[in-house]
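Letters are used for the chains, namely A, B, C, D, E, F, G, H, I and J, taken in the order the chains are written, and counting of residues starts over at 1 for each.
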Amino acid sequence: MARFAVRMEVDLPADMDPDAKADLLAREKAWSQQWQRSGEWVSIWRCVGEYANLSIFEVRDNEQLHEILWGLPLFPYMTMQVTPLATHPSDIHA
Amino acid sequence: MARFAVRMEVDLPADMDPDAKADLLAREKAWSQQWQRSGEWVSIWRCVGEYANLSIFEVRDNEQLHEILWGLPLFPYMTMQVTPLATHPSDIHA
Amino acid sequence: MARFAVRMEVDLPADMDPDAKADLLAREKAWSQQWQRSGEWVSIWRCVGEYANLSIFEVRDNEQLHEILWGLPLFPYMTMQVTPLATHPSDIHA
Amino acid sequence: MARFAVRMEVDLPADMDPDAKADLLAREKAWSQQWQRSGEWVSIWRCVGEYANLSIFEVRDNEQLHEILWGLPLFPYMTMQVTPLATHPSDIHA
Amino acid sequence: MARFAVRMEVDLPADMDPDAKADLLAREKAWSQQWQRSGEWVSIWRCVGEYANLSIFEVRDNEQLHEILWGLPLFPYMTMQVTPLATHPSDIHA
Amino acid sequence: MARFAVRMEVDLPADMDPDAKADLLAREKAWSQQWQRSGEWVSIWRCVGEYANLSIFEVRDNEQLHEILWGLPLFPYMTMQVTPLATHPSDIHA
Amino acid sequence: MARFAVRMEVDLPADMDPDAKADLLAREKAWSQQWQRSGEWVSIWRCVGEYANLSIFEVRDNEQLHEILWGLPLFPYMTMQVTPLATHPSDIHA
Amino acid sequence: MARFAVRMEVDLPADMDPDAKADLLAREKAWSQQWQRSGEWVSIWRCVGEYANLSIFEVRDNEQLHEILWGLPLFPYMTMQVTPLATHPSDIHA
Amino acid sequence: MARFAVRMEVDLPADMDPDAKADLLAREKAWSQQWQRSGEWVSIWRCVGEYANLSIFEVRDNEQLHEILWGLPLFPYMTMQVTPLATHPSDIHA
Amino acid sequence: MARFAVRMEVDLPADMDPDAKADLLAREKAWSQQWQRSGEWVSIWRCVGEYANLSIFEVRDNEQLHEILWGLPLFPYMTMQVTPLATHPSDIHA
């Protein structure tokens, strides 16, 4: 298992067709929730005041993380920052 | 309750006295674990390849978060990046 | 109560329809003034020479701040920088 | 009257003599509070997790602002970011 | 009187209608020269190799500077960098 | 197996004791070559004109990569940039 | 022979015609694989979570590297970062 | 005579009309070669992997350099970085 | 004649000997005022809140500007940003 | 033959022993002039107002360029930016 933090910023065109946008966001939510339910997408939080989220992933390996992120319907509108994580020696749960 | 992500980078002088350094790190660990045990410091992960961590805090308010961070024995050697978090509409646990 | 400084930069497309723009700006002003009147949006200043403002918020928590910012009609055209604030030990009013 | 936002970051050497540091910080506090009492230094807030503050000044002119900032005992250890402010058209108090 | 340096970068769309562009630039020049003649816009220089200028302003206060800059016909296409200036102790004219 | 690119920049103090430096560099070389021989440190190249290298790692997981990097005798003098890699669809060897 | 690392970021317009895009990507893949087969394009990896790759080239000289990169069908949509590489003294294969 | 290094990056819209683009590039080349022949544009090199060049100019003064650069047919699509140069004390030709 | 804007930031060590510092600053002032009197150093302003100045120079050529700047007693402690200037077409004095 | 532009910035400690500094600079000059005489170091210019130079190299390959740069006595005090160059299609000499 490999843990990663991913910061995703979304930049949608302001003049996007409302129906196309609603459909896109519905598919985005479904994709995210499918991977939350299967356990790889552990946490997702909104960054206050930004169209952005900070997420924690626990995946099999780099390949699986890329498959999840690349498959996001919003991927073409996103800028991602991926940080590989390891156990911290001060972690009381480790 | 307010949730925050904090990225802490540590830059210790390379010529620090080994005993002073060991003492500093022991006090750092104790301070971190005290706040982990009381529940405000929810998660701490090492950023791979860096003397840095990414942490999640759930605190009473901004004042308490600053009290925890300012009190870190390593604070004078740290650069912090604080991101306030809110609930994400796609979060299946929200 | 939690205090935040927020810097908002606006980037409107230069060829926006004048009526759509006027309507957008009127709704922006109404949203801002509603939250000024209810007390959460404490101060708003123009940054000289920029289509930007610096604002101070006193909100219940991170969730409320995000609700106010996300609801801004200009939000899709804005870049925000959010700084959580705490009491300063030199503040004569604290 | 001219209004400015100033962000001040402090970077003290970690090995500063404790007495010299205490004296420096006492003089810093006195200088800040003198200008708060005379009305030019309107607000000062701690930036959470940083040895930094965000302050609002209402001064006679640029010369007076520089005199206040340059006179800070911590000035040689500070990095400043100065933003001139003007009235915002949405301000309900303007 | 308050003195400021302002760096203005212009980014016009490459496919702008030539007549609209000519009209815009004529109005820009008129606005600039009006404020040069009244004395607030003291100097304007072209930055070599850039569609940009460096200007010096001597204005009544921040409000007047913002009024001049905001009123520029090219303002929606400009990025500005505003630096408040004060007397330098080595200035032989001060 | 997980593949990573790591860029390591070295910043040694110019006045380091020559013997201490020679010892440090010898231990650095030994640590690097031990992990090259065991197969995790696949490639190491010098970045031309810089005290820096670009390396490719194939490791068991994030934990092992951090163990290798953290264990470098030069680690306290290094700045690292870690990029997780995955298979590229155009790779003729994949 | 000269070795280079090249990081290529792709930014395709989100509204590109699907057939034109499919054709473009097919030609991109063919161009990349032709140079992989002839030996100049030694490695290509996907950067996780990004529409980007990191590649290693072993070319005759700078001219040939530029010919390969400039000829990429995706070149007009790419941002490249080119790092010339040399042998590292710790490389066990050198 | 004044010597300058100028780095010019070109960013053409991907959907530019091929004939308009061919005409633009032909006029660009002619303008560049005219100034190379008259001696002011001393050197021009392609930056590998980029739609960019590095050029050396020897001009009468700043005014002439700006006239040459501003007159480039590609100027509206370019970002320039201008570095004034002087004689180096180690130059064996100086 | 060639005109330049130069922004000079000063970073003196905080523990500099007071006499050495006073002597350095006196020589700096003398050097600056000598070139102001001879006409090359046209203007010098303090950047508010910074140990920095913005200056305008009118010099014979690049060589002379470098001679003036390099000769500054504070040069080893300064970071400079040099912008070559040309006549602006909206300048009413040109 | 491979051509490169290299920008070298020097940052010497302000309190360096004058004799050690003079010796270092003499060896730097000798190393530079040796490679100028043998033809690899084609041009060297001072960047106005900076302790920096811009140089053009024509070398056998990446290895030779690194050998020249790494061998500079000032290397430990330098930050380098290396740009590989190729023939430009508008070059009248190509």
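Note that in this section a residue touches a chain if its C-beta (ideal position, glycine included) is under 8 Å from a C-beta of that chain, and two chains touch if they have at least 3 such contacts.
Quantities reported herein were computed from a predicted structural model and do not represent experimental measurements.
When the interfaces G-H and A-F are ranked by C-beta pairs in contact, the top one is A-F.
For G-J, the matching interface among the pairs B-D, I-J or A-F, defined by over half of the contact pairs being the same residue numbers, is A-F. For this pair, chain C with chain J, the centres built from the Cα atoms lie 50 Å apart.
Chain centres here are Cα means. That of chain F falls 23 Å from that of chain G.
In chain C, the residues touching two or more other chains are 3, 46, 48-49, 62, 65-66, 82, 84-87.
Pairwise chain contacts in this structure: A-B, A-C, A-F, A-G, B-C, B-D, B-F, C-D, C-E, D-E, D-I, E-H, E-I, F-G, F-J, G-H, G-J, H-I, H-J, I-J. Here chain D touches chain E in the complex through residues 1-4, 61-63, 65-66, 82, 84-87, going by the rule given at the top. Note for the complex: chain G touches chain H at residues 6, 13, 62, 65-66, 69-70, 75-77, 80, 82. The touching residues of chain H, when paired with chain G in their complex, are 12, 14, 46, 48-51. Chain contact summary for the complex, chain I toward chain E: residues 3, 5, 28-29, 32-33, 36-37, 43-49, 53-54, 56, 83-92.
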